[in-house]
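Handing you a structure now.
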Amino acid sequence: MAPRHRFSAADVRRAAALASLALSSEEVERFADELARVLDGFEWVESSGPPPEVVSRDRHLEPGLRSDAPDSDTLHKPPSELAPDWRDGFFVVPRLPALDR
Amino acid sequence: MISGLKTAIGLEVHVQLRTKTKLFCGCSVDVGAPPNSRVCPVCLGLPGALPTTNEEAVRLATRAALAFGFCVEPTSEFVRKQYFYPDLPKGYQITQYAHPLARDGALRLPESDGGRRVRLSRLQLEEDAGKSNHDLFAEETAVDFNRSGVPLIEIVTEPEIRTPGEARALLVRLRQVLKHYAGVSDCNMEEGSLRVDANVSIRALADAAPPWKVEVKNLNSFGNVKRALAFEERRLSARVREGCPPERETRRYDASVRETRPLRTKEEVLDYRYLPEPDLALLNLSEAEISSCGVGLPPPIDEIEARLVERYGLSLYDACQLATRPERAAYLEAAVGEGDGEIAKAAANIMIGDLAAGLNRRGSLSEADLLPPETLGRLARLRTNGTLSSTTASRALALLLWMEGATPEDLDELVRREGLAQVGDPAELESWIRVALSENPEEVARSRAGESRLLGYLMGEVMRVSGGRAEPKLARRLLEEALASPE
Amino acid sequence: MGALRSLSAAREMLSLGEDAYLELASLALHRAHELEGGEAPIHAFLSLVEEPPRFRAELSPAGGAAASRLAGVPIAVKDNICTLGLPTTCGSRLLEGYVSPYAATAVRRLEESGAWVIGKTNLDEFGMGSSTENSAFGPTRNPADRKRVPGGSSGGSAAAVAAGVVPAALGSSTGGSIRQPAAMCGVVGVKPTYGRVSRYGLVAFASSLDHVGVFARSVPDAAAILGVVVGVDRRDATSRPRDPGPVSTSTAGEPSEALRGRSIGVPAEYFGDELDDGVRQVAERALDTIGEAGARLIPVSLPSTATALSCYYVVAPAEASANLARFDGVRYGRRATGGRTLSETYLRSRGEGFGDEVKRRILLGTHVLSARQYEAYYLRALELRRHVHEDFRRAFRTVDALFAPTTPTVAFRLGEKRATPTEMYTADIFTVAANLAGIPAMTIPIGNQGGMPVGGQLMCAAWEEEKMLGIAAALETCLEYVHPLAGEA
């Protein structure tokens, strides 16, 4: 199991890209080292069967669906007061071309 | 189909469900409202906010699934699909992945497009993102979250569509079912309540090499779907012929130049890191709940078409025209009742022709509101038994539509009062013929001199003089006799 | 100036009317400010109200209305629980100055019952930590010894109660963030059953593990606060649509009667090598007391204990990596300046806004959810989590409650474990299992080691808060131990 627990600098960079985190090269090295230790410390028991499918939560939890009636929680401040940048009713961000999602 | 190459097309269709509120919060669905005015902590993704599932969205999604014969899963699961985009407020979309709401549906292409059955692999329930506008400001992208959290279903077809034309036909049919059969969506492409992505793959028939695969986005009308796919088919075929190694890419259709363009390739690898949504329980639906979602659902569109063909001997074309909405077919059946095929064909002709035009002019959708089905039935009967000619039948219909809700008795009265019935009395017919011939002496002379094609013209004159009431067969015979006997 | 010792003392005072209300409020605020000053400030609070809300006569305890159960009582709230008016920063630069436009359900319920929020308490950034040293706004110090940490992540709430600023506080627990600091500061801390208290308005760290809970200086006080905040909430789909009855400690007759005939399980795995000897001795004395009060002590085994921590450090970061994706600087919070492109703005806003521990967990969570690692880590962790559930289910078939030490050691020194994340993670070793299983668990002070408080943990089956609180109240009475207020030792 040991090889699986490695956490390389490349792994850190890849995760940082996916998570949109700017990291300095010092941070990349440090986190790779620290996280490798975390993974090495993991104590696993061998799987007793195939990986579970839908078992992530208590199956008995009732769905608790909501009826289709307007019932939104009040915003005590308008979005414009939350926004770091706001213009003419819109949140604005640095322009980007129409990107693929 | 381009010779020597095999095209396979798959579609992903996103359809907005007709709910009052969003999928995971109680905000009103009103995408035309002033920007960022239909928002709350949940759909803005504020810290601490939690989703709660809209029951009606689940019901409509299930109904849509049943309308396509999907297997609705007793347990399905919401997941978080993670990526960063400014109009995606939580940094993830709540959607479904390993356990969608429904699997294994199907939709048959119209007979006119080959009638083949196309499998639908899955139907899932998910939330929409907000809307980014890249053109509003010079240097910034503007984001509106009114649409954020609006309920969508995504329907995915198997890549079994063979031509761009089939893709278009399938979409038309899909929309008919969603809008008119299941009644779950407005399916308005302009307002974004129906959106289509397509993927095309092309491979050489003889070749075992992996296919060229392209995903095309931004297809904002069915016509553009067809055009974009045709463009891709041509473009990819050329690349395959040139022997280029296959690639996968995502492109965007630009309707203004009728071309697809590559979307900027992303530097990082896409990895959505799906995570079971811990804020929501598994979606459990009992058999009773599932079947209650299908209450009142009409039979599948192709069954209705087949019935119209079998029961009344309508042409496939007519049947397709009438089955676009289930209530049209039901209206026809109510009008014709136990009547025979002749009456049904006459009724169908009226519906597809004058009645459809009349509805159109009034901006109305419902035949039954304007003309009770019994009245249409009577009109068709009068037409087939020869009481009304096509001209007088049209005139009668115009008057009936003007009356709105006219009964069969009203129609009878109308025919009497307006004198619309065909006239087969030889004496009266001969008097009309005499008038018609006296008004066209030159044509009569030429006809008698052997110019036989003028017979049709003169017959038209007789019908005109009779006000459309002359029984055409007898009138024609009498006209021929009159021309044959020298004055 | 004096300190607020208990809820009943506060209510007694408040029954005297408006003047008493104002006096108590100013006492609490004064005490709070006192803790922020000096050479080694406790720094329990990240924000404080300027003045208490207007006195409402209709809510005075003399009025007797049900709505006035906590009339006039000042409460401290952990700064990852949304409040109107005061900022909700989560101890993060990224949310510095962020004022939520809506309030958490638990806060609303407290306010509806007449309580008022005096201030927001310090925490490890987004609840990620076990010492409150990971706050972007400086650490909280332990009132019992200012050179030591108060535990975490709800260190500010624990310290505020321990120092007598407020009789009670709200905190949150994802892996032990209520019980661990409560134990280290010498107060009562309760993490209820998952779903018992709405999470709406609690800024999510790991949604399937997050709980809102309470701190107080006695079990009855904790029960009183909990009784106000529990209940189904239509805005939290994981709050249970059934409410299994009130939370109370009402025990007829002698409180110790609640222990007679009870079977108390003692899990062997919680008394292993990791356990500090001093803490072990205090815990064993508490076990003796439990036995003397007529309860049967039954050795039990929870084999999943060893792997529970690993499981926790996969599930929690995985969920955290998704939960913290919303902090992108688009709609609220801090946006880094100078980013030329959107992607640069994202990278820098998050890179500059989050602290080291948060980054570590986001990276870890992103890694374990990535396509290549998913099965090896995330799915495996889910399976381990099932084992944790099963262990508890098996144990509660034979025992009423489990008793164990809350933490392996007393509060450690500031800076002692900061450099080694893996060592810091072991501070949660006795508390994560109850979060993974969603069962109710609490800690009460059971003694001290060299003046530093030691906590004893009780765990019960899901929804058995009433039983758990009854046993805890009895034990509290039998032990006759209350950790002294800071400065009164």
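In this document, chain identifiers A, B and C correspond to the written order of the chains, with residue numbering beginning at 1 in each.
Just so we're on the same page, a contact is a pair of C-beta atoms (placed from the backbone, for glycine too) under 8 Å apart; a residue touches a chain by one contact, two chains touch by 3 or more.
Remember, it's a predicted structure, so these values are computed and weren't measured experimentally.
Q: Looking at chain pairs A-B and B-C, which one is connected by more C-beta pairs in contact?
A: By the number of C-beta pairs in contact, the winner is A-B.
Q: Per-chain C-alpha centres versus the global one: which chain is nearest?
A: A
Q: Look at all chain centres (mean of CA atoms) and spot the one farthest from the centre of chain B.
A: Here the answer is chain C, farthest from chain B.
Q: Express in whole angstrom the distance between the two chain centres, defined as the mean CA positions of chain A and chain C.
A: 24
Q: Distance between chain A and chain B based on Cα centroids, please, to the nearest Å.
A: Whole-Å distance between the two chain centres: 41.
Q: What is the distance in Å between the mean C-alpha positions of chain B and chain C?
A: For chain B versus chain C, the centre distance works out to 58 Å.
Q: Which chain A residues sit where two or more other chains touch them?
A: Expected reply: 14, 18, 20, 56-58, 61-64, 66, 71, 73-75, 79, 82, 85, 91, 93-96.
Q: Give me the residues of chain B that touch two or more other chains.
A: In chain B, the residues touching two or more other chains are 41, 44, 46, 49, 52-53, 82, 84, 86, 141, 143, 145, 271, 273, 278, 280-281.
Q: Which parts of chain C, given as residue numbers and ranges, touch two or more other chains?
A: Only 98, 101-102, 208, 234-235, 237-238, 321, 325, 328, 330-332, 342, 346, 366, 370 qualify.
Q: Hey, which residues of chain B end up touching chain A in the complex?
A: 19-21, 25-28, 34-37, 39-42, 44, 46, 49, 52-58, 75, 77, 82-86, 88, 98-99, 129, 132-134, 136-145, 217-218, 250, 252, 263-264, 266-269, 271, 273, 276, 278, 280-284
Q: Show which residues of chain C lie in contact with chain A when the two form their complex.
A: Per the touch definition, chain C meets chain A at residues 84, 98-99, 101-102, 195, 208, 234-235, 237-241, 306-307, 309-310, 313-314, 321, 325, 328-335, 339-348, 350-352, 354, 359-360, 362-364, 366-367, 370, 375-376, 379-380, 382-384, 386-387, 421-422, 425, 438.
Q: Any idea which chain A residues touch chain C in the complex?
A: For chain A paired with chain C, touching residues are 4, 7, 11-12, 14-16, 18-23, 27, 31, 34-35, 37-38, 41-45, 47-48, 51-52, 55-58, 61-64, 66, 71, 73-77, 79, 81-85, 91, 93-96.
Q: Where on chain C is chain B touching in the complex?
A: 80-82, 88, 90, 95, 98, 100-102, 104, 199-204, 206-208, 234-238, 318-319, 321-322, 324-328, 330-332, 342, 346, 366, 369-371, 378
Q: Along chain B, where are the residues that touch chain C in the complex?
A: 41, 44-53, 80, 82, 84, 86, 89-92, 141, 143, 145, 271, 273-275, 278-281
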